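One chain, chain A, links the two complexes that follow: it is found with chain B in the first and with chain C in the second.
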Partner chain A sequence: MAEIKWPAKRRVIGTRVPRLDGPDKATGRARYSQDINRPGMLHAVILRSPYAHCRIKSLDLSEAEKAPGVRAIVTVGQLNYTGGRKEGKPGWAFPVNKTDVGRELFYHGDEILAIAADTEEHARDALRLVKIEYEQLPFIVKESTALQKRNAPSTVPGKDASNVIPGGNRTQGDPDAAKKAAEVLVTGTYGVPVITHCCLETHGLVAEWENPKSLVIWCTTQAVPGTAGQLQGFLAGHGITASVRCITHYMGGGFGSKFGPDIQGQLAAVLAWLAKAPVKLFLDRDEEHLAAGNRPSATATVTIAGNRDGTITLFEATSHGTPGIGRSAGVNIGILPYVYEVANVRISTEIVRLNHGAARAMRAPAHPQNCFITESAVDDFANAAGLDPMEVRLKNLPPNDPNAIKTQPTSFLALRQTIYATEIGIAAELSQWKKKWHPPGKGPTKGPWKHGIGMALHTWGGAGRADNDVFVTIHSDGSVLVQCSTQDLGTGERTVLAIVVAEVLGLEPKELTVIIGESQIGRSTGSGGSTTTPGTAPAALVAAINARDELFRKIAPKLGTQPESLAIEAGKITDKASGKSYTWRQACARLGMESVRGQGNWQPGLSNLGVGGVQVAEVWVDTETGVVRLERIVAVQDCGMVVNKLGCESQVAGGVIMGINLAMFEEMIVDEQTGRMVNPDFEFYKLGGILDMPEIIVHMHDMPERGVIGIGEPPTISTAAAIGNAICNALGVRVPRTPFSPDRVLAALQSKT
Partner chain B sequence: MPESPHPPHKPGISRREFLSGTGLTAAATALIGPGETLGQADKAKAIATPGFGPKPVACELTVNGTRITVQIEPRVTLLDCLRHYMDVTGPKRVCDRGTCGACTVLLNGKPIYACTMLALEAQGKNIETPESLYQDGQLHRVPAAFAQYDAQQCGFCTPGFVMAMKGCFDRNPKATPAEVERCLAGNICRCGTYQQMRHALRSLCQKGG
Partner chain C sequence: MKNFTYYRPTTLEAAVALLDSRWGTSELLAGGTDLLDLQKEYVAQPDKVVSLNFVNDPIFTRIDVPQILPGTKAQVSIGAGVKLAEIAEHAELKKLFPALTDAAATIGGPQIRNMGTLGGNLCQRNRCWYFRDEFVQCLLKGGRKCYATDGENRYHAIFTRGHPCVIVNPSTLAPALIALGASAETVGPTGKRTLELSKFFQAPSKPDQREHVLVPNEIVVRVLIPVEGLRNASYEVRHKHSWDWPLVQAAVAFRLSGGKATDVRIILGHVAPTPHIATEAQKLVEGQTITPELAAKAGEAATAGAAPLSQNGYKVQLVKVAVKRALLLASGAQPDWLL
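== the complex of A and B ==
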């Protein structure tokens, strides 16, 4: 078989194609998992720990069980119970005094039990009738407290002696000598807080047993087959052999927090089993903040040394961050000093585990934090050296790797300096950097308002993955069905598949029917690491080519020609031998009663990995009130071959806005006295609205020769760093931590005097 | 003494319990009368088991021109009534406390948060939900602009934004982009589609709504 390549001349790929499901989504006709209502469906709610750390002393469900409308109750202790559990006798067959009393709860929001009732109102009533006593235990919810009390006994799950565990150390070159030889030396402390994913469709599902061997879930998940498989495994662990089918036609955001059924998925499956009725269980907004994942914080004290010409010779960082009760924080010794290569490096990190919900992957895990830390420090170094920070960045770009140039000329290693330098040039032009940049604090003013401009760089992987099956079926009426079990987080995945198949078959994307989000269709990988488009677009190309070739084989004899003579042009099939041409429908009609199907899986050579990205922020800061007004963000982004330009631009602008939220608004605040999150809502956990948004200029740096690379994560990485640098450029003083709220800006100004 | 299972930030009574205990609902129930029906009650949708609060009553809503009657407890919000009892799921439940706008519907032409109104209070009023903007293959110009300019990603906030924008143009067909943006200031999008929304609303302003 000939090697499959992207078409050299592209008719649809790389153009702006409105998403196929746009009208359905905009008018509420698209059914998300949370919109599924089934006949006889029950509603379930979860009881959660009110304390940051406690033990269940007693639990009495007798009144709740008798409450109006209640159909089933199951506890987390029962789900986890292994003592005496055996085939056919699941954990929930055991009483709660055995499975739950004595169980430790580790954060405000930790799951205790769930109740299913005929209405949500009844389920909530019943929750209030649960009689439960807690023994409160010591907790730590602040990183500074944990670091001070590093010898105190651990308050989090696991066998570690302390809440503070090592995150790793790395030394390279001779940091001490570099420090001694430094012409310019700066030290600063920078940080970002814990933020939460805030998926607008909260986590949850509808679970329905078709029969004791078959469970269907409509689950909001970014891993459709993966979630079905995990739930199947959970049930098997309880001696229940059943197939699980997951349906996710539409989902309201995931951002890295929706890779499995979670505890609520297990609870719903068991409640539906016990009640013999479909169960809907979705978290409330407060539960979503508390228990559905968050992004780890990061704080680092960074020292950068270098020469007066702007060459960085040393990067030294001591950092820590918290994953809540999780074990893996976002400060990562592998990623510092982020996009730069520095000869002398010394990094040490600590993970500070606290009594709040566990961290989960969140859009470009670890990158926004490490970008903020590195790019803030690089800017401070440039300022100390009295240099334009754009020039300092150009001077310290990682070089194109000579070996990679020979062996993998389209790899990021072979191209990175070129990509960054090109993108910095484009960003400089679009932002008018040369005209607008000024030494820190020395820019234009309007009354108390001061102008600032700042920039930052980022990088990401975005590789394709194997095990993505796409099926393309061509029917005799000319209709085309594209199927893949993958999910659309909002990226426009349906449209991506349609664009690729339409390109091959000479059709328009909107002429195709695309079905995604059903686990039984075949294999697909979770949408993590910006891998969905680079994983499925190549599979769609292979499937479409296979379907096309099969069509040619089937219809060639009926057209009195050879399959090799047939070719596709926009809307028609031509026979090179006879010079005749047929419309797509005429040609497909020759299939008669048959249809043809092509299958494709991801294969190497069509996707790539590694992207750059440059962002420039322009701000005005009110030195009297501390208010920061964002004027403009320029985002220059590459992602190899652009499949849907409209979708790519959306992803980049959306990433920038998520970065703006990190910079300006978001922070999970946990009260040290009570151990409770005080802002699990949208009143005090702020997200920007349309009036908060600056002008956003997006430039896609299209590099079709590199193949397809993921775009979802990179554009959110450097926004907060660029904004922080712009504020510093305005004020001549750094605001070291996000969010850049007025109080922090004023505090920074005060520290200057 | 067993402790209350309520997390302390949820006061001893919930918002719904609170509302059901206030004059608001009491008045509504008195007006309708417990157990009485307004119009033809849909018996099939009646709740089999009464709860602790006032008993379910008939509630007749006019949704996109169609009258629908269900039996609901007086504490049920307009949003929950639409989503859970009438299977009208275009309005989304995101914050459930009037901060995000995902549940925006038009009530007699005025955009409101459906999560902050009791269903019984919406009786006798004309309720427009996003579903009404795509009927018989005809797509209303506001959602059409959202689709054309890709002013949506996950799309969970989108129906709310669409209704807020439609309400804006219904009131003032000559609204300026700045005025339309102010009408959208009560809505939140997490995917960050504001830039594309600006493209969409500018195109509509140029066309005079």
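== the complex of A and C ==
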């Protein structure tokens, strides 16, 4: 078989194609998992720990069981109970005295049990009838307190002696010598707080047993077959051999927090099993903030040394961050310094574990934090050296790797300096950097407002992966069905698949029917690491080519020609031998009673990995109130071959908006007296609205020769750093921590005087 | 939420009769933007919910701006059931009382303004995150301490005057109405009464106290605003520009005669358990010509008595700016703070 390549001349790929499901989403026709209602369906709710750390002393379900409408109750202790395996019984066959009493709960929101009832109201009423006594235990919910009490006994799960554990050290070159030789030396402390994913569709599912061997879940997940498989494994662990089918036709955000059924998926499946009825279980907004994942904080004291010409010779950082009760913080020392390669490096990290919900992957895990820390420090270095920070960045870009240039000329390693330099040039032009940049605090003013402009760089992987199946079926009426089990996390998956298949078959994307998000369709690696489009677009290309070739084989004899003589042009099939051409429908009609199906899996050579990206923020800061107004963000982004230009631009704008929220508004606030999060809502957990958004200018730096690369994560990485640098450029003083709220801006201004 | 009996009286008198004479067991429902939340969080657990949405009394449901003849005293009547959006968009009110209409236009988002009412805005419960958390037994729920005093208090009061509960009054209309000399007409078990809005609010510290002085079976019928030709304005500093609470608000009103400001009222919002009258600042401005310098001095004076908590010192600076800008706005000066 000939090597499959992207078409050299592309009719549809790379154009602006509106989402096929846009009208359905805008009008409400699209049915999300939360919209699914089944006959006889019950509603389940979860009882959660009110304390940051406690032990269950006693648990009495008798009143709750008798409450109106209650159909089933299952506890987390029962789900986790493995003692039943020997007896061939599931965990919920055992009394709660055995499974739950004595169980330790580690954060406000930690799951205790779930109740299914005929209505949500009845389920909630019954929750309040559960009699539970807690033994309160010591907790720590603030990093500063944990660091202060670093020798106090651990209050989090696991065997560590303390809440503070080493996160690793790395030394490279000779940092001390570099420091001594420095012509310019700056030190600063920078940080971002814990934020949460804020999926507009909260976590949850509807679970329905079709029969004792088959469970269907309508689950909001970014890994459809993976979630089905995990739940199947969980049930098997309790002696239930069943196949699990997962359906996710539409989803309202995941951002890395929706890779599995989670505990609510297990609870719903068991409640539905016990009650012999479908069960709906979706988290409330407060539960979503408390227990459905978050992004670790990061704080670092950074020293950068270098020469007056802007060359950075040393990067030194002492950092810490919290993953809540999780164990791996996102302050990944492997990516400090971020983007830049520095000869002398010394980094140490501590992980500060706290009694709040565990961190999960969140859109570009570790990158926004490391970007903020590095790019704030690089800016401060440029300012100390009296240089334009854009020039300092250009001077310190990682070089194109000479070996890679020879062996893998389209790799990021071979191209990175070129990509960054090109993108910086484009961003400088679009933002009028040369005209607008000024030394910090020396810019234009309007009344109390001061102008600032700032820049930051980022990088990401975004590789394609094997084990992603796409199927293309061509029917004799000319209709085409495209199927893939991968869900649309926000990548515009339906449209991406339709674009690729339409390109091959000479059709328009909207002419195709695309079914996605059903686990039984085939393999899918899930949407993590910006791998969806690079994983499935190549599979769609292979599937479409296979379907086309099969179509040619089937119809060629009926058209009195050879398959090799047939070719597709827009809307028609041409026989090169006879010069005759047929419309797509006429040609497909020759299939008669048959249809053809092409299968495709990802294969190498069609996708790539490694992107750069540059963002420039322009701000005005009211120096009297500390209020920051964002004027404009310029985002220049590469992602190899652009499949849907409109979708890509939209992804970048969405990433920027998420980055704006990190910069300006978001913060999980946990109270030290009660151990409870005080803002598990959208009132004081702030997210910007339309009036808070600046003009966002997106430029896609298209590099078709590199193949397809993921775009989901990179554009959110550098926004906060760029905004922070713009504010510093406006004020001449650094606001060291996000969110850049009036109190923090005023505090920074005060520190200057 | 806890189950309740829902009543739909068609007159205010019938509504009064349905209310209990102690707090907690019955609640009034108007737009529901506050009560529903409180019930869902089990902070309010009434047995009876008395809807005001079926009261068909024009005094309660309408805005009445009389024809104003020179030399006569007139007052505007705004029914307590009038929606915030209607106040914000009312052409005549905008001309007479920009302090009020500007304040109304910034409350919540469009959905809140379309549902929320004047009476609800004045009588709503505070937004303290400890108070709103069912699990936290703060002073207002019969507990022994105010958690905000030693806890997370970035949005709390800076003028506490030794008061044990450090909430801020959440009404953004109240400072404007107090500055305009408005009064509230209410109906209760003993009939109608009229209360100056400056005496309408109190600092609660116990479960049987609300943020206002009305008795539990008393209902705001309308607000009356005298038409006195006062210059007036409201200015608020916000973190977000879409849906957010003001961090600090200043509402001002004064008579301008011969270039001098007299009868000066400067009222601060979102800085104290009640709308806060900035007496020192009022004195300083009284009889003076409002210049940027004087406005700035008034801002300084408005902070007299401020005693910030551990995390809200920044509000002192915001008070200075809000007062200064509100005075300049009302005086007709060209704002230099608009981008």
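In the analysis below, the second predicted complex is superposed on the first by the 748 of 753 C-alpha atoms of A that agree within 3 Å, B and C clash if a C-alpha of one lies under 4 Å from a C-alpha of the other, contacts with A are read in each partner's own complex, and residues count from 1 in each chain.
As a working rule, contacts are C-beta pairs under 8 Å (C-beta built on N, C-alpha and C of every residue); 3 or more make two chains touch, one makes a residue touch a chain.
All values reported here derive from a predicted model rather than from experimental measurement.
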{"item": "Which of chain B and chain C A:T625 touches, first, second, both or neither", "value": "second"}
{"item": "Which of chain B and chain C A:P50 touches, first, second, both or neither", "value": "both"}
{"item": "Which superposed partner A:V643 touches (first chain B, second chain C, both, neither)", "value": "neither"}
{"item": "Touching partner for A:M362 - first (chain B), second (chain C), both, neither", "value": "neither"}
{"item": "Which of chain B and chain C A:R676 touches, first, second, both or neither", "value": "both"}
{"item": "Which superposed partner A:V504 touches (first chain B, second chain C, both, neither)", "value": "neither"}
{"item": "Touching partner for A:I690 - first (chain B), second (chain C), both, neither", "value": "both"}
{"item": "Touching partner for A:I132 - first (chain B), second (chain C), both, neither", "value": "first"}
{"item": "Residues of chain A touched, compared between chain B and chain C (which is higher)", "value": "B"}
{"item": "Touched partner set for A:V164, first chain B, second chain C, both or neither", "value": "neither"}
{"item": "Set intersection of chain A contacts, chain C complex versus chain B complex", "value": "50, 121, 674, 676, 678, 683, 689-691"}
{"item": "List of chain A residues in touch with chain C within their complex", "value": "50, 121, 446-449, 620, 622, 624-627, 629, 665, 669, 671-674, 676, 678-679, 683-684, 686, 688-692, 741-743, 746-747"}
{"item": "Of chain B, residues touching chain A in the complex", "value": "2-9, 14, 16, 47-53, 73, 75-76, 80, 83-84, 87, 89-97, 99-100, 102, 129-131, 133-134, 139-140, 142-144, 146-159, 162, 181-182, 184-198"}
{"item": "Interface residues, chain C side, partner chain A - complex", "value": "1, 109, 127, 129-130, 133, 135-136, 147, 150-152, 154-155, 237-244, 247, 311-312, 314, 317-318, 321, 335-339"}
{"item": "Chain B contact footprint on chain A (complex, rising order)", "value": "18-19, 21-32, 34-35, 37, 43, 47-50, 58, 60, 68-69, 108, 118-122, 124-125, 127-128, 130-134, 198-202, 250-253, 255, 284-286, 489-492, 646-647, 649-651, 653-658, 660-661, 674, 676, 678, 680-683, 687, 689-691, 693, 696, 698"}
